[in-house]
Structures are given as structure tokens and as C-alpha cells.
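In what comes next, chain A is part of two complexes: it sits with chain B in the first one and with chain C in the second one.
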Partner chain A sequence: MHDLKPLTPLGSTTAQIDRFAGLTISECPDWALASLAARRGREQDTATAAQNLLGTALPDVAATATSGDFTAFWTGPQQWMIEAPHDSHEELATEVKSAVGDAASVTEQTDGWCRFDLEGTRCHDVLERLCNADTRAMTQGQVTRTRLEHLGCFLICRTKDAHFSVIGPRSSAGSIHHALTVAAASAI
Partner chain B sequence: MSDNKQTNRLTGGQIDTSRSLRFSFDGKNYAGHPGDTLASALLANNVRLMGRSFKYHRPRGVLGSGSEEPNALVELRSGARQEPNTRATTAELFDGLEAKSQNRFPSLKFDAMAINDRFSNFLTAGFYYKTFMWPAAFWEKLYEPIIRKAAGLGSLSLQDDPDEYDKGFLHCDLLIIGGGPAGLAAALRAGRAGAQVILADEDYVFGGRLNAETHEIGGETGPAWTAAAMAELDAMPNVRCMARTSVLGAFDHGIYSAVERVSDHLAVPSKGKPRQILWRIYSKRALVCAGAIERPIAFENNDRPGIMLASAMRAYANRWAVTAAPRVAVFTNNDDGHRTAVDLLAKGVKVTAVIDTRADAPRIADCELLAGAQVIDTAGRLGLNYVKIQQADGSERTIECGALGVSGGWNPNVHMTCHQRGRPVWNDAIAAFVPGDTGTPGMSVAGAAQGDFSTASALQTGSDKAAAALHDLGIDAPTIELPQAEDTPVNLQPFWYVKHGKGRAWLDQQNDVTVKDVKLAHQENFRSVEHLKRYTTLGMATDQGKTSNMGGLAIMAELAGKSIPEVGTTMFRPPYTPVPMGTMGGRARGKHFHPVRETPSHKYSTENNATFVEVGNWLRAQWFTKPGETHWRETVDREVNAVRGSVGVCDVTTLGKIDIQGTDAAQFLNKVYANAFAKLAVGKTRYGLMLREDGIAMDDGTTARLAEDQFVMTTTTANAVNVYRHLEFVRQCLFPDMDVQLISTTEAWAQYAVAGPNSRKLLQKIVDPEFDISNEGFEFMACREITVCGGLRARLFRISFSGELAYEIAVPTRYGDALFRKIMEAGQEFDVVPYGTEALGVMRIEKGHAAGNELNGTTTALNLGMGRMVSKKKDSIGSTLSEREGLNEPDALMLVGFKPVNNADKVTAGGHLMTKGTPKDAEHDQGYITSAAFSPSLNSSIGLGFLKDGGNRLGEVMILTTPLTGADVEVEVVSAHFVDPEGERLRA
Partner chain C sequence: MIINHPLLGPRDAQEFTFLGDASLIDRPDWEAEDAAEKFYEYAYLRDNPAGLHRELWFHETGDRSWLVVTRNTLTHEITDVEMASDVARSKGRSK
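Showing the complex of A and B:
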């Protein structure tokens, strides 16, 4: 076991949590990510292999699919991101690659991203100050790509009207956190 | 205590007289009430004089009562929050409000610049163009500063804006622009149907003219009915009612911009709260219920304080319980103007007469009616005292009044319907333009904005148009019961200006444009409306001619012998009302102007005294200053010497990393890179040069083959996004049949260069022992997936930018900080140093490696000395066009090195190279220096640059000239490889 101590995207050993009336913004470093892209002509093989691993079919456009530890969300034509708890799936990319074999390309994405969860009734009031996604219309399990603080981010609706994840570029975690908390203070 | 009593305050109105608000105007204290605007409160305090005009500095008061106001512009607040050109008519009164008049010296009542008014014969339209022609050089230094000082509006504080501004995004089925009767009926119908509705109004109360009129609606007063409607709408979760929100413009795809004035009615915004929010509204349908604006009639001296729109006079009385003067008169060409007399009489104000241009004018108000009469002049130095009338029989008489309400009819507010190049059409019945084909998909218009002026028709069209818009969306909106309301027909005889007299009759009070100016423009052949606008300035500035344009058009039409619609209107463009620059900027200011990217070693670097440099959005450590070091060069020299002497570590995470997989990944790289990649062995890394389609070098970097079907490409930091975009284009558009998948992994991996003769020894302490990284086991350009520090997955590349024995090691970013510290700890015995981008740059110049300065968008592989890398055994992007004759001249620029002949001289980047003895001009230019640095290894300044036929000129002494600084230095042309030209060190 190595002895290197991880830092969160915000540069701390513990996740940052900010609380507002009706909203909690949490840094969520405990998730592993791996991208999955079907190879040309191997779309069906990918779908089958992924379903065997995930326990659910890969989601359609702008959707997520969750089963057990795994959540998959659509990121582009025949492309998905697989998400799982970091503690139990640190080497998620290896895990997914062994499941799909040469039917798909898999790339470790865990530390390419930072995730902030917005939970509470005031989610929409904050998100509408930051991105052009129509969050009020988003239903549970919907995902979209949107620009937030000039940065391309994934926005996932975990629970309608109550819980959203912003997944953005890790190196700009500080800027994203700043944008989220300033908008929260402004809107709430 | 206020100095003045509110002598002009009437009873009633929508103000809270139980509370008083103190405010000051030009240093004098007054009192008003909640619900007042600055304008209504000033009028209540018998202050009619509120500003000086733009050019002639004539005394001016309010003309209107809303955002159309051209005259009553003030500087609001003081200190850093001072804001010029604020309309007193829209500034909500708050306790402690400070306002100052503008464009006057030394005071509003005595303005020395009013001397301009005496020279008005010279200051006509086109005055500047005709007068300040000669000498040309005087314009910038003399004329313009003087003119700018004399003419102009408010002044800026020149301090940073202390307020915060937000931006935001809203979505709706139906955006209703304007919350008057049409908008309210529309909102009720759409809201009850369950549609997602946004109702926006620029005013701080909804209701529009319902607040300003006395007509009953559904048996209630206008405000009472509005309050009930708003209570219902506010309770609907699907309806968002946005007061103090001006819709500014209509853009493509149903997108509208709007500014919400969140805190303008407060002395200071609450902490963390924005002053204003700039909204982008994505609407499926939009309904313009923007109402109409009354237009004045031009007559001689029609600009004295106290002369205002009849509708404004009525609004002040009904909504704000204020009259501009105890004795008023009305001048009109239509029945609606008479309402002002009726309402003011009802409030107990003395109405001396209604002067109606129509010979058959009906008697509506219980006061003297002068039918067929015209106002031909006025008097009163700082405010109206009397008006001079020419009666129907030609006789003249004088009427005493402190205020005159003027009505020339109403103009539908077509602004928003024209932003997408819709042109309004003429409606003879109301003698006004109404919206034509708006050219804006999804937009419809209701109420007075389309010329339906009665309350009943506004309600009906609002309701109907909302239902029609929703029907388009598949939403059924059942009919709603509308209240009984007035349905008075329009009765108007067009009348634009009084022809009597030779004095000035004002059309555009904001820009001091008179009837004569329009005539002059016509005479001088500026007859198109757009020319008329530019020549006279009619309709420019903050009010954009909302009250003046029609008058100008009518006069131009008359002079040109055309109809008004033949003359047409100027273009309407967003924004509808002025927007502070701060609102446009939002929160993107100061250090939050753009997001930053931090490297995995950022924390370590901060703790170790790094100076950061911005590279794109990245903050990279430029150097790490040690105690006692007094100059950055001292630090950088130390870092370079430490690396070349032992070992150093540098964060290179910022270089773009693109994961390329697929069965055709190798073939794909063969297309993208000019040199061959298909046969690169697994476990090997190769330098690659990428060309643009036109044959110019695009980017370079190393690409490692991790597996048969997996590569990791490295790009330069600055080009990471561009290269990724290029690869996606190539994948999706040029070679869609290839099996290739791409994804960025730039920040997923913390990557550090460990460079120097002791780098291997250091890394052997980090890399787990089962991995052989000896020279034989892991030779130059090798790559491998390994583990470090007891099992952490990592990647190791043996590549060198510095020219030393060097590696790049990568671990998942979360462990990057720990790895950096671990390397520093393990390297103590080798005196390892962290080094920054400056030392990195010095070493790559010493080694002769090209970087961004050399790949500058104009250079080819040939220029870079890599012409032979462009493989002719395969087809790659840019390969064919790189063969163009012009890019392959015998004396083409070649990358070479330079060092000063005199060791004390400096090679400067950007300097140009001249053959000794030739003139220093562009014709004799031989090339230029792209990169320069002080080389601690050579103890000399050195440079890289492009020189014509450079490869054959080694040893030549040239003149390096920098005309900008006057520097002239003798430099010798040398090999670009200053250090270890044979590459022995990096293979050691």
C-alpha cells in the first residue's frame, strides 16, 4: 500500500461543505470516473458488456442509469462516463476495461474532474445564476453539458428540484467553488 | 429636516404619506414619500428645474414620467457609487438619496455655459463638421477636449464600482414584456393554463397606465384591480413576476435579454447581493405588451421646465399625487389630452385652459376650451410662467400657467418588434407606426403596443394573444373572464409642430435638436432618416428618441413631400434602455475575470515562495525564490545550474494530454502528425510535429504508445484545447471511418519532469523496485505504466526538454501534491530543487528546442529545421501544402542560435537581424529573434531566431537591431544547440 496522501480538488485533506438556508454545497472527492466509448462497429458488444458490468443498460442521450455502486451518464454519441465510489472502485478504468475488452475504449477520468453537489430547495435559484441549463425542467437522472464560470461542466439531476451534481474540470475547482458559493450568497 | 414643504402635493395616489423619506438635490434637502420617484418628489417640492440641456445648456424639467425621459437626467448617489445620466423619472426615492444636476457650471440656476444659447445660430446641426475642419491636428488636442467639456452629460466617479452584478438564465413558455393591462390579462390566462410564464415590467409596480389613470376596471380602481391580479399571479408557482426588470432586446431563437434592478431602490445593496442582474431569457414564445408612449408637439420655446407630456402630468397627479404647478394648461390634438384636464381638475388643480388644435374639438373637461388654437410661444426663465396662444380667429392671447401638458397622440412601443429587423407599418387611424412583420419567430404583440389603446382592447388582445401563443406550443388556455373596462375610441387629428414664429421649437430635448435643424438637414441633403439622425443627432443618446423621433420624421416627410411611412424609421437596436457597464461585466472582474487552473503542486509551490505566471488559465510556478535571493535572475540561474549539475523537478501537468485509443489510433496519428507514427513500438515515445492544413506548423509534443491501440499525446500548454478540437475535427469530419476515440486526460494526471544527471538515482527511490529504470532497462524515449511509492499506479516517460537525463512521471492528480513532496524528500541527498517555467525556458533555449515563440503560426517545418520530418512516404495533414514553392525558397528562414560578439551585450527577442553594412530597413531584413535568455551554462546572453538561409550562415556576424529601443548589437550566428549538441547527456 502506498503512503501518498490524497488532496481534494480544493486542495484539502477533507471535503469542503458550505451551508446556506435551503442549500448545501459539498465537494465530493470520493468518486471514481472512467470514460467509455464504443469502438466502431462494436456498439452492441459494448452495450452488452457494459450492462453485464453495471447491472443496467447504458443510458440514452442526456440520461443517467444507476444500479448498485455504478452510475453511467451519457456524454456523447456512443460515449459515457461511469461513476462509482472511489474507495471500492479506485481502479475503475481497469475494472471497466476488463469488462468491455476490445469492444470499447476506456480511460481513467477520476482526477480529471471535480464534483460539487447542490442539495436543497434553493438549487435552482443558484444554478440559474450560473448556467443556462433549464434545471427546473430537469427530471431525476437527466444530465446535460453546460457552461458554468466559463467552464464546460456536466450537470446531473440526482433528485428533481432537490439535488444536482456539477462535474467540472478539476484544476479549476477553486473557481467553480467560488462561483457556486458567491451565487448562493447572492441568490439566497 | 427638509428645507422645503411639499407644496405641490395633492391627495390620493400610490404613495405612503404616513412615512417620509429625506433626500437631497444639488445639496438642498427635501422630503418625499415611499412610492415616489425622484422626479415626483422634486415636483412635489415645487422643483421644476432639474437639468441643463446638452448643447445650449437651457434650463430643463421633466418631460415624461417613465423610462422615455429625455431631460431630467441626474447624477445619483455620491462617491464611488455616483452614477451619471440617471433618469429622475425612474429613480425610486429612498431615504438619504443624493442627486445632483449635471452639465452645468457653477450651478443649475446660473449656468455660465448657457452662453451657448446666445450663439445658437452658429451651433446648428452639422456645426462641428463645418467648423472644426481646420487645421486637422487641432481636432484631437484642442477642439475635441473643449467640446467634450462643454457638451455632455454627467460625469463618472473614476473610482471602482463597489457593487456586484450577477448574470443569470431563465426559461419559459411565454415571456410577457410589460405588465400593463394587456400583459396582466395575458399572464392571467397563460398562468391559469399552467404554462411557464415570465412577466417582466420595468416599473417597480405592475399595472402600467392602470396606475396613472382614473378609469375603473371591473368596478375597481386600476391599482386595486392590478393588486388583485398580482396577488393571483404571485401565488402561481408557474408564473415569475419580475418587477424593476427591463427587457432590453430580442435576439435569435426566442432569446431576450433583461436587466433586473435588484437593489437600485436601496441606498446600498445588502452584503453579497447584486445591484442588478442581467438575465438571458430563453422563451418559447414572447408577447410584447410594452404599451405606448405619448409624443409631444413642437412649438416655440416648448422646452421650459413645467412643459411636459399630458400623460405624464396625469400620471404625476393620479399615481404620485403631485402637480407640477398649482395652475396648469393642456395643449392637445386629440381627446386623450383632455383627460389630463379632467383628472387634474378632479384633484383640485386649476386648469386654465385646454388648447386643442382641432377646430371641432369636443368639450370634455370643465374648463375653458380653446378649439382650433395653438401654443405659439412660452415665457419664464427657469420655469414656465405663461403660454402665448394663437386662437382659431388668429388673435393672440396669453395664459398664465406653471405647467403645460402636451399631447400629440401616442406611439406604440414597437422597439422590441424591430430588433430582428422587423419594420413597423403605418396606421392612419392613430397616425402612428404599429408593429409589422416583426421578423422575430415566436413573437406577438398585444395592447397599446400594437395600437389598441383602450383598456378593454388591451385586456382582450393580451388574453387572446397569450392563448394563441400557447396554442402553438400545444397548451390549451381556456378563455378567462375579463373585467369591464373603458373602451374609448381614438379621436385625433395629426399635428406635429406649430408653424408660427421664427424661434426654436424643440423636437429632441435630450440632444437639443429643433425643427429648424431638421429643415437644415433636409436643405443640406441629409434626407434619409439614418442621415438625418447622424447629422442632427436626433434620437441619439440615453432616450434613443422615444419622444422625439416621430416629430422629426413627420417634418422630414413634409419637407420631402412624402408620407411618413415613405420616410420610414431609423433602426431600433438593443438595449431598450441604458445598462450600466458593470451589469454587462457581471462578476467577471478583477481576479475573477476568468477562471484559473491550479497545478497539482500549487499548494507546495505557494508554501515554497513560488512566483506564479499565467499561462492560459493555468497558474504555473515561474521560479522559487530562496531566502537571500534578491533578483529573479539569481533564482533562475540557481535553478538551471542545479538541474544541469544534479537534479530538479518541475510541474508539467499543464501540457495537454490526450488519450487516443482505437484500432485505427496509429493510422490516425499518421494523418495528424507530419512524421511517421504507425510503426512506433509499444513502450516508446516519439516527438511529433503537427501541421495545419496549409502546411504551417501547428503544434508539437511527444506521443507515447502505451498499447497497440492506445497512445497518449502531449501538446503544448497553450494549444491543448486547440489541438483537441483539431483532433475531434479530424476524427469526426475528415476520417469518420476510422475507429478512434479521444478524450482529454490533461488534469487527470499530475505530471512532473525530473531532470538532471541524478534524476535516475532519485527516481529509483520513488519507482517501485520491480520496475527497471536503468539506462538499459528504460532507454531514452521509453514509456511504461509502473507503480510508485509502494503500489500507486503511475506512468513514466523518459523524455527531456532540458537536454539533461530526464523523466516525466505521472500519478493520479489527487496524489500529485504528495508525490511532489516525496520527490523533494527523496532528492535531498542530491540537493534536488523545484524549478519553474523560467528555468525550463532557459534550458530549452540552451538546448535549441522550439516552443510557442517559434511555432508562431507563420513558420513551417522547414523553418524549424525539421523539414525532413515531413514524411513523403505517407499522406498527412498539411504535407501537400507544405510543398508550396513560396514556403521552400532557397533562402527560407531557418532556426539558428545567436550569441553576442561582445559577451556583455544582450540578445533581445523581437529584434531583427541585418547583414552588416546594409541599411536597417524592412527591405534588408534577414530575420528575427524569437526567444532569448541569459544562459548560466554559457555565462552569456543567447537567443534563438529565424534567419534567411540560416543553416549556411553559421559564424557570420550580424547586426541585431531593435528600432523600438534603439539597441544595436553585433551577434554571431551559431547552432541552435548551445548545450550538448550531440545529445549525450539525455541518453546517459
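Showing the complex of A and C:
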């Protein structure tokens, strides 16, 4: 029997946590992701089926919706990403697909992305040096896609002024982590 | 330059990539008698107006939607921004 050990996006067996005065940057490997795209003419069916699964309506433009284990965030017109704890929803894409049937297309995304959470009052000082997003204006539950360290990343405001998630391409996790920690070290 | 995205509001032009003339939406009918001539025009011939120009922009580091941007080539002033999908549908495409 092989003894396979899962690695985090940064290549370790434990999640990296970097602490600064007023800011904690933590690697968050414990989340499953699946993308959901409504098929043409089936937008209403997708909305209904997704609501039944998630327990909340799919979020509108640039918004997120959370209910129980699930968070859905808007990624584009009639497209969303669904996020849930990996331990309890390892097969998230299958779960979403069986809920929406042929009304929408679902793609497994879990290991395509890495997530870094910025928590603390100094999060704006880091983010404003790295990306275009006006994080000070973002309210809880807002999401935007922005360029960070030359990479297209989703930026979610979990708590206004205090907690942001950066979700970027997993293969560039090292570059994102480098950008975040260098900016934090220089700003704080 | 700022592009006023119909869904997301004002966004910096560096988030977008430029494709070209919005007439690229009007792909000719490949079954038409004069398809060869039409495709030659579609692929190679462009107007080069000094003034208002409708062009396709892609929100690459944003929501990845295609936009039809009406831009004045003399002043760079942007007077209109539409979702390309809406423009295509209004022409009877993507039914």
C-alpha cells in the first residue's frame, strides 16, 4: 500500500502561517472548490437547483453567498465558484453536478487553486501595494478578480477591513506567498 | 485609461486585453455563395477611422467577459461599453 501524503500548495505537509504585527497570512489548503456555469437557456434551472443544494440563492455580480458549509462566489456572468471544507466535501464537484444535472456545467477546481487568508487590521496595507482592488471600499461578502503579482486572483472580503482571502493559481502559490510576505514585511 | 464595465463599474484598462474591430462579431456564413470573398474581407479588411471606433476588449484579469467598447481614436474618450454577448444576441447570434 502506498502511503501518500497530501502536500499543501507551498509543498509542505503543514500549512504555512506568517505573522506580522496586525496581520496574519495563512495558507488555507483545507478547502474544496468547484466551478458552476449555467448553460444557455437554463439559467433559471441552475439557480433553482443550486439554491436547493446550497441553502441560499446564487450570489449576484461581485458578491458571495454563504450558508452552512457552502460559500458561492460570483466569477463571471452566469458563473460561480462553490467553496466547502475539504474534509466533508472532498467530492464537491460530483455533489454539485448531481444537484444541477444538465442545467449547468461543473468542473472540479480544488487543486487548481491556492488560498491565502489575510487577517488583521493591516491587510489593506499589503493588498493596496499588490493589486488594483479598492479593498478599503469592499464590504463583507464582496468578491473581485484582480491581478496580483502578474496573476489573476480572486479576492474575497470575508470581514470588512479585517479578513480577506486571495485565491490564486496553485502552481504559482510560491510567487503569491512571496509577494504577500514581502509586501507585508515592507509595509509593516 | 478607464473602461466602465457594464457589470463591475470603472476598471483600469490594464486589466483588459484588446482584440480589434467589433465587426469580428459578424462572422460570415460559411455556406454562402460568396463565402470566400466574405471571409477574405472578414479576416483582412478593416476600417481605420479617425473618431468613434467600436472594438472588442476582453476583461482578462477580471470576470473574463468580452466587451464592445466605443472609443474615440483621436481622444481615447470612451463613450459606450456593452457586453459583447448582448451585442451578438441583438444581432440574432447565440440564440
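Note that in this section the second predicted complex is superposed on the first by the 185 of 188 C-alpha atoms of A that agree within 3 Å, B and C clash if a C-alpha of one lies under 4 Å from a C-alpha of the other, contacts with A are read in each partner's own complex, and residues count from 1 in each chain.
The definition used in the following text is that contacts are C-beta pairs under 8 Å (C-beta built on N, C-alpha and C of every residue); 3 or more make two chains touch, one makes a residue touch a chain.
Keep in mind that this is a model prediction, so the values were computed, not measured.
Within the superposed three-chain model, A:R40 lies in touch with chain B and with chain C [touch as defined at top].
In the superposed model, A:M138 makes contact with neither chain B nor chain C.
Of the two partner chains placed by superposition, only chain C is touched by A:A62; chain B is not.
Residue contacts after overlaying the shared chain place A:C157 against neither chain B nor chain C. Of the two partner chains, chain B is the only one touched by A:T110; chain C is not. When the two structures are aligned on the shared chain, A:R147 is found in touch with chain C, with no touch to chain B. In the superposition on chain A, contact of A:I82 is made with neither chain B nor chain C. More residues of chain A lie in touch with B than with the remaining chain of the pair chain B and chain C.
Of the two partner chains placed by the overlay, neither chain B nor chain C lies in contact with A:I25.
Once the two complexes are overlaid on chain A, the chain A residues touched by chain B in the first and by chain C in the second are 40, 132.
Chain A meets chain B in the complex at residues 1-8, 11, 29, 35, 37, 39-41, 79, 91, 102, 104-105, 107-113, 128-134, 136-137, 149-151, 169-176, 178-179, 182-183, 185-187. The touching residues of chain B, when paired with chain A in their complex, are 164, 166-171, 196, 272-274, 277, 280, 282, 587-588, 592, 594-599, 602-603, 617-618, 653, 659, 661-664, 709-710, 737-739, 741, 743-750, 787-793, 811-819, 822.
Those residues of chain C that touch chain A in the shared complex are 7-8, 11-12, 14-15, 60-65, 83, 85, 94.
The touching residues of chain A, counted against chain C in their complex, run 40, 61-62, 74-77, 132, 144-147, 152.
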